[in-house]
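A quick write-up on the structure given underneath.
Every chain is named by a letter (A, B, C and D) in the order it is written, and numbering of its residues begins at 1.
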Amino acid sequence: MASTKLRTQAAQSPLEERFHATRALTEALAAPLSESDATIQSMEDASPAKWHLAHTTWFWETFLLRDHVPGYRLHDERWPFLFNSYYEAEGDRIGRFSRGMLSRPSVDEVLGWRAHVTQAMGDLLGDPALAPLIELGVAHEQQHQELLLTDIKHALFQNPLGVAMFPAPSPLVGEGRAPSGAQGEGTAAHAAAGAAYPSPNPLPQGERARSWTEHPGGIAAVGHNGEGFAFDCEGPRHRVLLEPFALADSLVTNAAWDAFIADGGYENAALWLSDGWGWVQENAISAPLYWRDEDNGAEHFTLAGWQPRDPDAPVTHISYYEADAFASWAAAQWDKARLPTEFEWEAIARGQHADEAPAHDPAAGNQLDGAGPVQPVGSDGLFGDCWQFTRSAYLPYPRFQPAEGAVGEYNGKFMSGQFVLKGASCATARGHSRASYRNFFYPHQRWQFTGLRLAKDI
Amino acid sequence: MASTKLRTQAAQSPLEERFHATRALTEALAAPLSESDATIQSMEDASPAKWHLAHTTWFWETFLLRDHVPGYRLHDERWPFLFNSYYEAEGDRIGRFSRGMLSRPSVDEVLGWRAHVTQAMGDLLGDPALAPLIELGVAHEQQHQELLLTDIKHALFQNPLGVAMFPAPSPLVGEGRAPSGAQGEGTAAHAAAGAAYPSPNPLPQGERARSWTEHPGGIAAVGHNGEGFAFDCEGPRHRVLLEPFALADSLVTNAAWDAFIADGGYENAALWLSDGWGWVQENAISAPLYWRDEDNGAEHFTLAGWQPRDPDAPVTHISYYEADAFASWAAAQWDKARLPTEFEWEAIARGQHADEAPAHDPAAGNQLDGAGPVQPVGSDGLFGDCWQFTRSAYLPYPRFQPAEGAVGEYNGKFMSGQFVLKGASCATARGHSRASYRNFFYPHQRWQFTGLRLAKDI
Amino acid sequence: MASTKLRTQAAQSPLEERFHATRALTEALAAPLSESDATIQSMEDASPAKWHLAHTTWFWETFLLRDHVPGYRLHDERWPFLFNSYYEAEGDRIGRFSRGMLSRPSVDEVLGWRAHVTQAMGDLLGDPALAPLIELGVAHEQQHQELLLTDIKHALFQNPLGVAMFPAPSPLVGEGRAPSGAQGEGTAAHAAAGAAYPSPNPLPQGERARSWTEHPGGIAAVGHNGEGFAFDCEGPRHRVLLEPFALADSLVTNAAWDAFIADGGYENAALWLSDGWGWVQENAISAPLYWRDEDNGAEHFTLAGWQPRDPDAPVTHISYYEADAFASWAAAQWDKARLPTEFEWEAIARGQHADEAPAHDPAAGNQLDGAGPVQPVGSDGLFGDCWQFTRSAYLPYPRFQPAEGAVGEYNGKFMSGQFVLKGASCATARGHSRASYRNFFYPHQRWQFTGLRLAKDI
Amino acid sequence: MASTKLRTQAAQSPLEERFHATRALTEALAAPLSESDATIQSMEDASPAKWHLAHTTWFWETFLLRDHVPGYRLHDERWPFLFNSYYEAEGDRIGRFSRGMLSRPSVDEVLGWRAHVTQAMGDLLGDPALAPLIELGVAHEQQHQELLLTDIKHALFQNPLGVAMFPAPSPLVGEGRAPSGAQGEGTAAHAAAGAAYPSPNPLPQGERARSWTEHPGGIAAVGHNGEGFAFDCEGPRHRVLLEPFALADSLVTNAAWDAFIADGGYENAALWLSDGWGWVQENAISAPLYWRDEDNGAEHFTLAGWQPRDPDAPVTHISYYEADAFASWAAAQWDKARLPTEFEWEAIARGQHADEAPAHDPAAGNQLDGAGPVQPVGSDGLFGDCWQFTRSAYLPYPRFQPAEGAVGEYNGKFMSGQFVLKGASCATARGHSRASYRNFFYPHQRWQFTGLRLAKDI
């Protein structure tokens, strides 16, 4: 649907195209949902799908139409109070955990608003002076596409009926993974992944050498260089000093996580951060979110309902605490395994080092192209499948200044207590991420498609 | 709708008629709601409208069809887990505050279940052996009709848009209040009510004498006598000894409550029970639930959205703590005002005393006849408008025995910490209540149509 | 010590004597405590021993000395803020759960205040006009003696070291139990108790007939008659109508409770009130407070530290929820066992019925005479050993009016959500209780010496 | 006292001396406390003074005596359960917020244990193989000296009586500040501080130039170099790349904080981190901890009770959120003010840059030398007065490995969610800190002597 619409608008400029494609994709993602699926809110961290449809529209109406179209009248003056997320400069808003109380306006009314705003944006899309703000709006809406998918997954998970939002593919293969022939490659990739994270008995060092990309250390330039769009928190570009290290070529798999569990990973306090151990105890955590092991065997909840877990697929829906504990466990099994820093990850992604390792394509891998039951599958490259925890706290770069105005609240004010994740996930709109991208979450959160890629000192 | 259906089934026996009328009315009450209105849950005490539609169906399917129709197969074997309320003997169920996560099954699916069960019940309705259980089912469903209305009122109240479930009558007049000509009577009733609860300057005693019904005290028989249906907790019938007292002929009005507020009622610790004062402080309570005083004047939230408050209408949506504090305040203004006991109230309702005061008709007054914006209006009699707090704790009567089996969990297990309310409200299905009826809530709860009728020692 | 002091003041009037004996006993009870034992607070419901020493002194200083001695100057003007308990009319005070933060004033300073106030009271003790207030002060301080013991027991229980406040008697025999010769009687009492609450296989009805006291029902006068001191909530005296019933002659024993546990009492939802079952689940309750079963066998924590549990002694430290569940369990084993009402209990205690059963002496039984490791032992009569749960909610009697002034906050404002307990416990100052006495606690509370005596319909 | 003891033991080696001086100082700090002062616990973050006395003794007994003295028998086998803090490898322990329930053992018993362990340590102090562990033990006990002071300050603050642990100096002058003549310097320092943080009208840039120390940027070596004792988290030493910056020569003062408050700092969401603003709202924060402004004027609670606030003294008892908000506010007033990173701070402290700024003496400034009412006074240098927030998260350095064994739990497991503080405070034992020292707390905590020193980009 989204791509059809896209093709019929060939005369549009790229930014116009992306604007319309993004608006259409958001709607396509929500299309399978019932009115009430789209309304419920399962926890304070998550928002209803309808709220995402509305909030992304509020963003355009507020920061573009209201601010830049003379005489523009709000579609409904009461709605900003409902659909502002956290912009203090934009006034009061409903409590975050009251978003699930908004049975009105209806999905149809919100879609009407969407159509109105999308149409009204037409006059502004060609204005070069507004291009940066429109780019921000597209990126903002893409972020909410990912949240829409992870939030509705969490909401549907609450239902004992095991609701599937999308039909299950047969077999479940993401769009970022090559079709048909890839099946054989998938098996090869499995062998490689198995080599990278063998357990409980690790392979000899030599056997695993090929599955790490090494970096000799030294000064690296990180952060966004200002060409093309980036969020303010990705800059300024600056230099960092790296020690020699290596980054794993693949993500930790479900099979490796099974080994961690089988080895008592969730019962061994020595592996855990103190806060992490408290979290495990208090919440009786014993597996990644969405896992269950019942009569049907190893399953996990997906956007296609309960499905068998693929042992070769990357593990996902883990918290930082779990990622860190796994790394501690792995360190005791292999030499020096640990989480990477955000700069190490970025250096490998950029490929800017002496050994001339090629840069990774941020638009490759298993990422979001259209509506469907996205799920990590084990794709190549650093982008796609899962957001990858780093052990870097989400903090300002040297000489960082938040953007001016209300959009300055976008990133800077969240710089405490959170960790940086790099890459992109199966739910990230393809084209959204880049090497300098900094995603961030609190160490206990795990409803996103989070995973981990190990690093080690060399 | 409900009444139409009723009339077309003239051949039915009264119980069959009531069964079908009740089923139809439940559906009529939910009819104005959108799919998402019917799904959301605003607090642990309240349930979604869809859940009420389903739970009342679960009740018939479980205790009638499953238990009494050989070979009956459940409509969906997974649904009892979702729609059992609190019957431990019927197995596990979802957490009470997870009812709002059930976006599936849809309202249509639930209505399909309702139709199926209503139809399947056809064979059992004529079975005399099952009549008591069917009577219980009807009464059960009527209780959920009232909860459906009060719960959805609370849910819609969360929405800043001020959603109206029903159009506002013009003027708002309940079915229990006489039409047209009653307008004049309404004014007269107002004067009487004003006389009963004058404030801040009470009228002389003589002026108010006519507005109390006196009882000389002595031995009274209370509790259900076994004729016709009653809940187990209403019996056994037994004798109690009453001291001479009087019960007010009208409910406390909004105007009287305004006087209580104006006199600092919510700021004067001396008027409050200790727990009540803690509740006021912790929750910053300063008025009944649903009140607001803004530019538009004195308003309250109703099923027809925000509406002006009628000063002459009975105050409603108050907690026991507030009722008790008001009585303490009133006692300082009038001689000996206090809350009645459940037995005093029942004695007046029955009319069984020396002065031969006539019994009150439990089916009179402002009660629920059909779908609409029910609201207290100030009707005559002891039944209708508001449930009335007594100062009797909800406890077992002498020789009380819960019913056998799972339905024995209906009442007896709630006999701690709650207070008895008597009468009926504007949301109580007409015919549901009676003099022995014992409604019960915790002293802090106030999302029901609760009000108060004062008593005094004589 | 206390009694020595008492005897040397032979010239005193009885009220003066009781005043001084009470003051001395409070101090004797706290004497074994270290400075820090006396300072800590283990939960919001409990208060530090030092706080009890101080609060009881604040009471005398405030309501007697300040109000009735012209020119009296407070010992320390800052202390009322610390030691007022809940009298709103007496102004602000520290948060209830901040009492354990008062390392200052020291115990010595508080004892100094006590001595000062006790001495200053000398001039008022002979004033007949103040006698009622002084009686109230004595009763108030006696209540705090009991709380001091139960609160410090709870505090010492928190300490893994198993601190004993008093040396254990050998064997542990309360003062209310006859010495030496009583040992044989004790065994006899045991047999009787065993007959009263046999389990799991109850004895035939005939065998147990003698262990119940029957009452033919009818009109009984209850409540205090105004002669001698009583709390305001014990009156007015009024008539109630009783159905025929019987009250057990002994309290439920530890052995009976063991049978309840062995029969799955704590795992059977059907036995419990709904709130009680929630309490059991949430707090993982599986035995009375202070019980443990370890290598040493069946023990419980006492004021003499961890001690073996006597199977024949009355069970204590149970909540209303537990008492009610036990009664439900017992009802399934014996005919009609249940908790008594407060009026049934009082009627038996008074002995005012047709069969001329003698009244029970409120000053008999195992009650508090001096400092020591009080503990229920199985004494005769209705008073002593344990406070006994009734199924009566703590509510106002007909025509009840709270006392005037600040002392009017003593009882009336607690009349919601609590249950009445009758009798007296091993920690109740002998002479403090009477047939009309109404103790009250919330249904989940169990740190008092609470127990139960069954009743049944006849 | 401590120093007297120190001098009489001239024959000891430096490590022995420091061991004994440290043991003696801990006891001297607790000496003014009553038994109950030393027992109470005011919040989960804080521990009773007695617990600190005991825990530091447990540390020596466990990791030195038990592990290294053949046949050593624990002083009391039950006490490790009470006084282990968080070492999972050392077994279970009481809940953290139950430390305040330990009225036993008494202070005297704990002091007896201390004497026993101190004496028993005699044989081990000269063993070179144990020197690193003994150094760790000394450093550990010094940390608890600081916690003892900050924890008891918080506990005494709960008492409305305004308890003073130490007599107030007259005037209050810390040992790190020069006496008498310094009074004039103090005024000069005040002027300088006023210049550094003027408000609300900042001085011209030129006027403030002298009050910043500049650093040209480049590669700097940070972390401990392995000579002498350091905690594991201070290493390994490694290189970092710095951009040019400047660090303020003085700490932000109370006067500057007053200006921040006067300018609406606590009411302006734009200045705050999102989590910080939530913390301000939820806790109604409007000033640093321990501040009050009453009839007596501007006061704060100190170890000498309530005292006037010195406007020229460094502000203390602020959270990271407050420090960050102040920096945002200051940035709007001066060019580029912000918090420093831990590496910038360390680089200035080391003095290893092109401009040859001298290193700062970690043992200078206002630090803890003996028992007394420590308080920030505005001393020179980077060490002393207050711990200084950096905007660096507390994370592992490259190639960091926790120490082996139970002491490996000392630092590494806390590396999530906390921020690094540098320097030393008035409550830090002189000699304890160094340039590489990394203190760490959660961003909401502020019961330590925390302050801030601004940095800026140049």
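Note that contacts are C-beta pairs under 8 Å (C-beta built on N, C-alpha and C of every residue); 3 or more make two chains touch, one makes a residue touch a chain.
Note that the coordinates shown come from a computational prediction; the quantities given were computed from them, not determined experimentally.
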Distance in touch steps, counted as few as possible, from chain B out to chain D: 2
Whole-Å separation of chain centres (CA-atom averages), chain B against chain C: 39
Chain centre separation (chain A, chain B; CA means) in Å: 49
Touching pairs among all chains present in the structure: A-B, A-D, B-C, C-D
Touching residues on chain B, where the partner in the complex is chain A: 34-40, 42, 50, 78, 81-82, 94, 98, 100-107, 155-156, 158-161, 163
Partner chain A, residues of chain D touching it in the complex: 86, 88-89, 219, 238-241, 243, 269-270, 272-277, 320-321, 324, 391-393, 395-396, 398-399, 413-417, 419, 443, 457
